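First the structure, in the form of structure tokens, and then the observations on it.
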């Protein structure tokens, strides 16, 4: 395969970015999903809509607004500067923040669906076994919603790997910092360097295929979860 | 039993629709009778001038110009794979040349329609009283430039830095836009203190006002033409446009004095 | 936990709750905190809601709950479910599907009120007969096996009160018969008060010591099984299932005819010998439809059991051709379901002395 040192660096960076983003998404997305799955509050609709917004906005548009918001004059930029962190655009952590926002619906929704599918009964059963709210969450909700978490993690990871427009807008194409695979492929194509583009694209397609194959394999194995629960009360 | 209503009493809506359809058809026929429609691919950096130019051209000739904007690289790939463009305004010379070698253009039709002007710009007023000094001092958070692999303005920016022997010193502060518009956004949003942008962008951006003879606000340094090779932008008549009088007429118009004045006003030089 | 002046061997519950639609629960009861108390009624009568209120799974608008001297719910406190030392068996299997049977039991052991008790563990496993099932996941167990594991799990939390919400309702007849003996043994082996929700007369007759009868969100009767089931003024609508449950002792066994004589406070009854030892306490059920009335003691009939009774009350049946008659026999009561025509012909009136002929009697426990 036709890969330069630079290409390998972008692959490595992409892997780091996607892993970091996935970890943060699971940590951030889980409480949101849990709240959305349980609440009957009027705010549910509002929060759901906000979480889903990145699905609607084109990535470059979202990227442009993030560039404004995270810039020195923007609200986020003012905050990060106030905290002594500088501004986020053109940094790895800037990409992380943007990717977390962008991939949030892909993580929240599968987890939320899995949690909603659990119903009340397992939680009630756990409560009658002296399990407090946190205990119930970690010993019942998380393991039972595992397929949802798995889907969420894979979607979040894959979506971050494949994300492009957003990175283009706030990345600045800095090698080892913000130059990820998708941008590198774009550059190759734009520069009419199709050989390198094909090589990287092939790796990405193969990678995604293997990840998705793995996901569906695991889901088939664990597909029987939840079926032993009765529907009626 | 159902009665057949006399014609005059029928629902008036279909009649009205008929009339509209006739009108539309007439307009459409009239349009095609007078002028021809030409599909034109234009590099994004030339968006503002070409809009004005095509407006003028349409008024003078009665032809109908349909503009598509995008990156030259994408248009190159699309044209190679049969995109239905008659004329291609590239942001560089390389892509029209490559199309020429591939035999996808009308021989002898390629010409430079504009030469880009490179400007070092900052959104902060007073930040660039002397651009060269500022670059050399290293007192800026980031330097935005277009990706030199993709954008001629990026190539020129690198050439400027090479001429000033500042490439290595400034490299850690580079942030690259995929195209010149993105580079412009990096600077205009304040995320990069300074950046190499196109003069035409400052001319087009009405939200910025400047003291230094430029429309845009902030501060700028017009990079001397001696520091880089000219940023030549070539246009070419594609094979599909070979037998289109309208396409030829458009290219003819671009070379006219009237068009030249517009191009210059928008921040470009003429060859 | 705060101790109130309420006796420490009772459960006092007062709940008022209004739900969307026209369902409402309005209960104020005190029951002894020993043995099995059946919470009995038709579906929709509020019995499950009552149980959920006791567990804290349902939050009543207003309520008071005192279990053996501990206030679980009062004006200023509402103990969440996980702080209440109770065990709960749900109607359908509620095992955690991601854990094995053993994992489910361990879940309870880890969180039990008291330290792990090996002796209790062995006893629970033995009584529920689940020793061989421990490594299986819930979906590899039959419905009956799942419920046995669920009951074991509820016991291993070492509850001070066991709540069972129709634990057999989701099982077919064969599975019910499989589990009932385990429930009876549970009653005999473990000293935990049980509130047992059911709409099955059969189950209640076999398992309960006393019953609360629910109708439209209220308790309409409460007391010993023998008393409540012999009442004919309740809107229970048992129909063919109406009958009394009598507690007695085996006083004689006739090996020649395979019969046993059971003595109870109102007389004696011959039943089929079920193998129970002499002196053993048994429970027999006499259905109203198996009781006929006669003016004299007919020695010339095939009917084995004849008791002198006094008519204490008469009520109309849902079926307008029939009447329900409550009969006193010693200190206990029987009920008979006879036609209105016979009632008139025999002149059945309160106070009238008659003979009750009992066609068949079943030992239910």
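The chains carry the letters A, B and C, assigned in the order they are written, with residues numbered from 1 in each.
Everything below uses one rule, namely that a contact is a pair of C-beta atoms (placed from the backbone, for glycine too) under 8 Å apart; a residue touches a chain by one contact, two chains touch by 3 or more.
Because the structure is predicted, anything quoted here is derived from the model rather than measured.
Nearest to the global CA centroid, when each chain is reduced to the mean of its CA atoms, is chain A. Look at the CA centroids: the one farthest from the centroid of subunit A belongs to C.
Centroids built from CA atoms put subunit B at 36 Å from subunit A. In terms of their C-alpha centroids, the spacing between subunit A and subunit C amounts to 54 Å.
Centroid to centroid, with C-alpha atoms defining each point, subunit B and subunit C lie 86 Å apart. By the touch rule above, subunit C contacts subunit A in their complex via residues 48, 55-57, 80-83, 86-88, 90-98, 107-108, 111-113, 138-139, 146, 153-154, 157, 163, 170.
Subunit A makes touch with subunit C in their complex at residues 121-122, 124-133, 135-136, 139-140, 143-144, 146, 224-230, 232-233. On subunit A, the positions that touch subunit B within their shared complex are 64, 67-68, 70-74, 87, 89-90, 168-169, 172-174, 183, 186-187, 189-193. By the touch criterion stated above, subunit B contacts subunit A in their complex at residues 71, 73-74, 76-77, 95, 98, 141-142, 144, 147, 149-150, 174-178, 182, 185-186, 189-192.
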